[in-house]
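The same subunit A turns up in both complexes below, where it pairs with subunit B and then with subunit C.
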Partner chain A sequence: MAEHGSPGRLSRLVDTAPLLIFALLLAYIAFEAHNFFSLLSFKLILNQSLPVVIICMGLAFVVMAGGDDVVSGGIDLSIPATAVLCAGIIAQWLATNGSLPVAVALAAGAALLVGAINALLVTRIGMTPLLTTLSMFVAVVGVNNVVTSSRRINVSDPVILWLRDGQIAGVPVGIPIVALIALSFYHLAHRTRIGLNMQAVGGSRDAAETSGLDVKKLQSASFILAATTGFIASFFVLARGSGSSPGVENNLMLEMVLATFLGAAFSGRRVVTLWGAVLGAVLVAAISIGFKSMGVNVFWTGLIKGSLILAVVAFGALAQRGRR
Partner chain B sequence: MSNRLLHLDQVTKSFPGVLALDKASLDIRSGEVHGLVGENGAGKSTIIKVLAGVYVPDGGRLTIGGRVIDPITPESVHAAGVRFIHQELHLVPHFTVTESVFMGQEVRGRFGLDTGGMRRRAEAFLRDVLAVSIPGNRLIRDLGTAERKLVQIARALIDEAAKVVVFDEPTAPLASEECATLMHAIARLKDRGISILYVSHYLNEITDICDRVTVFRNGRSVSVFDDIEDSTGQDLIAAMVGRELEDLYPENRRTPQASLLELENYSGTGFRNVSFRLRAGEILGIAGLIGSGREELIDTIYGLRRSTSGTLRLRSRQLRMRAPKDAIDAGIVLVPRDRRHDGLVLPMTVSENVTLATLDAISRFGLENRRRARQQTEEQISALDIRPSDPEKVVRLLSGGNQQKVVLGRWLLKNADVYLLDEPTVGVDVGARSEIYALVDRLAKDGSGVIVSSSDPGELIGICDRIAVMMRGEIVSVLDASDLSLDHLISVTTGAEPTEAAHG
Partner chain C sequence: MTFKSSILGLAVVALSTMTAQADEGLSLEGKRIGVAVVGTQHFWDREAFNGATSTVEKLGGEVVPVDGGRDNQVHADNHDVLLTSGVDAVISILGDGAVEPKFEALKSAGIPVFTVDHPSPHAVNNTTSDNYYMGTTIGRYMADAIGGEGKVAVFNAFENALRICGIRTGLWKYVLQDYPGIEIIQPELAEEFANAPEDARKQTLDLLSQYPEGTIDAIHVGCWDQPAIGVVQALEETGRTDIIVTALDGGPDTLEIMAEDGSPFVANVAQQPNLIGSTAAMNVARHFAGETLLPQTYVDVVPVNGAEEAKAAYSSLGYGSLE
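What follows is the complex of A and B.
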């Protein structure tokens, strides 16, 4: 009575469709925009993708620990807002007092608070992650507007400038730093007990519970981790924008969701994974930059990205239905 | 007894209004396979949950290896070497075999996890102890059900500290050819000196693999068979049942007329090659244990699942159900087993629920005729004796029996050809049960065909004309209910009595 059918040609197509769409888009961009695949633009793409790469890993943790059902499973939409709030706090503090360590400590505290509130609302009160973190997104952006008075604040701290301009052997310094961060998060997710246990909770709550895992603690940990990635990403948000500016969070959120769920198509098990999310983030950055270098209207870019999210999520849902 | 390993002594547990365990006892010797049997509601699962530390008993005590376990918590029984193989598989589909076996007990290595070591241990355990070779890097979702069951067993036993393993209906999700694999694995565990408590409704399995058997009835341990070799399934049934048919059922039989619904080699997920004929004015029962395919068959006829082959004819017209709407349009309706989930809109009133399926008939230009709705509901309330008789009462506040009557009332308004009733009296008190039986009887007398799928053999014999018995997805026998004894039906259903595949 094996209820899982053999994976037919159709389901394989459904599984790989998001990747195919992206490959076609990239090919089209490469054809239209000259030098798109040169080493220079590759570095540019990687450098641009850094904030999204980091928060994608945070989202990947939450999805792994909460299950990949987009509506009822794990999701944390508040990470981009946390990143922007941390950036705003650091920028504002530097502009008035000037001490980076204190600014960083304040930002870290704010991020942990956001993560803790998310964890509390989801695991103790029992709210759905989607609604909880969407509301948190709005609230946190509101706090940031209060902190920064909704203004752009330039940052000229040497550390942030070094993150922006520094190079190691001709490679922008942010790239190896984020690579290291990604490696340690990868290790945490896939090579440690807590990482595997989080995935167990997301994969089957009942299985995790009967194995004696503390389901609530693990899911809470995923929200704290997600907020932490928001905190880390804030430095690269500051570096990329040479300061904090309001409104960055919208694009970050769009790209984070798109990249993370696109990343599932890279995994052999067709589930959200850390390195899938990282690859997805880079791909999404490539497409964004590609559109810019082709001179595509910003409004059209929004439409195209929105449709891509719909397509990726729809194919994910189809693939899941085929498996049942 | 010197080699007694685990002893549950005089355990009592009551729930509001129910005495689930009444000084029930169970003792398991080292190295034996001990069977636990009893009808639904006999207290088997309650005592298992007491043993697991899920329920706190009102009285009695647990001794393992001469030591009293107090309090009984999941941790304390685990520490004492008791392991549970739950009926549900509880595995993560996208995890590998290794990850599943070590879930919650991962082994740390120099950098993070000792992945290679865990894989070797998982594969070795499956090979040496359970006698199967499953690669550690296979994904759970690529395994068959029997293999998943073995992975689940490996997870419970990999720490090599198990003394007693409790199997709760382990073969329920398995096809018959897969059962052999599991039985083989259990025999190997016994050879290693592990005691096994084997809970199953399948009496043929019990007599095959158990050394001793305890029989539960009405919350009491009524007898222990010390030498099962000398006993038969019939002996077990006699100890399990020990009661007469209740007098809840309508007296006179009906006279079935023309053929209404015909299934021919009908197959789908969970059942295959089902053929039977339901006549107008007939009540056909479907008996079967968990995993017999009973639920799946009913769901498929109603269009909740797709059939894979075979034909379904209603009044000689071949139909293909793609969704419940197709079935309803054709005149087939379902009263689902889980009425709280599938059958009722709990926050809505009795009136709204009753008229939900007939809104078309009482609406004009898309507007509901509220007076008609109220009038219809009042008719149903008095016909079915729904209490309280207030059409505006919110359904959630009704008792189980009255909720079930609301569901029935809704479909009565439809005047369907075929009624599918899935576990119509689960959670329904005795008084309401006899009213529901009278109602089902009236449906058939009015010329409809009724199929009743039930886990209560007494109910099936009481109200049906014929009873089809399903086992592991197939109809193994069709019995005439008029002079059928409870023991005989149970022995066919539980496999205590071998049967030839039959069609009716």
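What follows is the complex of A and C.
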């Protein structure tokens, strides 16, 4: 057929289009924005992307174990709400003169509960992850509103302030900490049996079942892991905001979904991967900081960002269709 | 009313003339001024932002605008972007406690911070409405509207989070101390910062089902008036427009509601957000011209008591005509 006449060049172009769009855009921003290509701005991009990087890895685990079909596959939209709930619990506990260790234990308990309920609803009751975790998002935000009375709570605990202001050799402490977390998650996903089995389940559920893997258990583990990333991210949410502010979950949710699926466009097989998610989160932060430092009209940035994501994801879909 | 509205008109004209006069000799030529606003969805935020950016441009400066999208966290983070991009000064509009460490960082990097509606020890100057007058005036108007006694529900999410709200709601409560017949329903309600009208509508419907007819006399929004839009909707949906509504800010959207026949929304205090933003920008220029600024610059407010005054304020503040 005519359209398959020169598949090589066309499909290669479609394949590299997202990368090209981003490279061109970054080059343009670097040219236009003040101080964009500087160490200071690089540190800022990494630092601002930390909470999103962490929850993106959680989402990546769920997608890896559940398959990458957005409707029927694995997805966990409740992670940002879990992060905000944990932050709310810690802030509220500290505000009533409680100690940090107890606050942390309470938050961890809450996160595990959210993960366990998600796992139960999806693997035992058989609900679709998309609807389950979206409802969970709403419910968890509701719980957080009860915990914090929908009010802002300032936090001045030294550990949280250290996460906010601390530096190691001029690098904000959050960056190496999250890098270590990312490395251990990478190890978990690619170097341990449970991680590899999880990926096997996501790759082909039937094949995994036939080969005797406990599919439900592995998918449940991915939801627990996702909730754990929400718990970890809550410390960075608190540090970033010097406390807990209501409403933070919405932007986190948007950025998490964008970054994770944008990240898929950078993987060879167009699938959600840990590194893709991390890279996606950093790129979303870079582009949005770039636009801001360029002084782009604030009334336009939403449209520009949205179109960009659509373009990249559309090229991703095209490339995948070409392969099938 | 015509007399009052012409006085108001004169006052506004006088203020703008003063601004124009002060304008002479001031310049921001060659300066890059960061303008950080918490959101642009609401009239107040958008107008303060427009006032600041247009004045910076008028004075020859370059604007680096950043918008928090009505998310206090994003708003705070945006200050880091301004710090990195090396602006000469920052005008920061609203924001909660999350911005304080950012102001501190800007200050220690030698970038002066000028706030709007956010008093801060790290800012050179804060331009704001006379919040003390707003709080006491709305307290008196509300007390009068319910005959000095009754039960009042209050939306009060920000009294402890934002200083301006602490002043406004605190002084509203201070006035009510002299009305022992007025009882504030506990617990107080907490409105959302984003999606405030819809959230307040739902919360009001819940409240009304808890308090049957005749058991609640007023609903007050302690620090702004976007939630009041939803409150009025809920009262109209349930036919409970005997309950009066009071709030603060008085943008065109809420003045329009107040001006409707038989509106339950009876009192407000209107601010001049555009002039506030513009004054903050002038203060930046004054600072660079070597003037010493007072910690706070107050911009006049317009008390609005009843539908007729709402119409008068609407036209005197330049929003058009509601006649």
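What we mean here is this: the second predicted complex is superposed on the first by the 282 of 324 C-alpha atoms of A that agree within 3 Å, B and C clash if a C-alpha of one lies under 4 Å from a C-alpha of the other, contacts with A are read in each partner's own complex, and residues count from 1 in each chain.
Everything below uses one rule, namely that a contact is a pair of C-beta atoms (placed from the backbone, for glycine too) under 8 Å apart; a residue touches a chain by one contact, two chains touch by 3 or more.
For clarity, every value in this text was computed on a predicted model and none was experimentally measured.
In this superposed model built on subunit A, subunit B and subunit C occupy separate space and fit side by side. Put subunit B and subunit C next to each other and count what each touches on subunit A; the higher total goes to C.
By the touch criterion defined above, A:211 lies against subunit B but remains apart from subunit C after alignment on the C-alpha atoms of chain A. Contacts of A:251 after superposition: subunit C is touched, whereas subunit B is not reached. When both complexes are overlaid on chain A, the residue A:199 reaches subunit B alone and has no touch with subunit C.
Of the two partner chains placed by superposition, only subunit C is touched by A:48; subunit B is not.
Annotation: superposed on chain A, subunit B and subunit C show a minimal Cα-Cα gap of 36 Å.
With the contact threshold set out at the top, not one residue of subunit A is in contact with subunit B in one structure and with subunit C in the other. Interface residues of subunit A, counted against subunit B in their complex, comprise 1-4, 187, 191-193, 196-197, 199-200, 203-204, 206-208, 210-213, 269-271, 323.
Those residues of subunit C that touch subunit A in the shared complex are 32, 37, 40, 49, 62-67, 69-74, 76-78, 80-81, 84-86, 96-98, 100-101, 157-158, 160-161, 187, 190-194.
Against subunit A, the residues of subunit B that register as touching in their complex are 74, 78, 86, 88, 90-95, 99-100, 103-106, 108, 111-113, 115, 139, 141-142, 144-145, 155, 173-175, 269-270, 473. Of all the residues in subunit A, the ones that touch subunit C in their complex are 33-36, 38, 40-41, 44, 47-48, 145, 149-152, 154, 164-165, 237, 240-243, 245-248, 250-251, 289, 292-293, 295, 297-299, 301-302.
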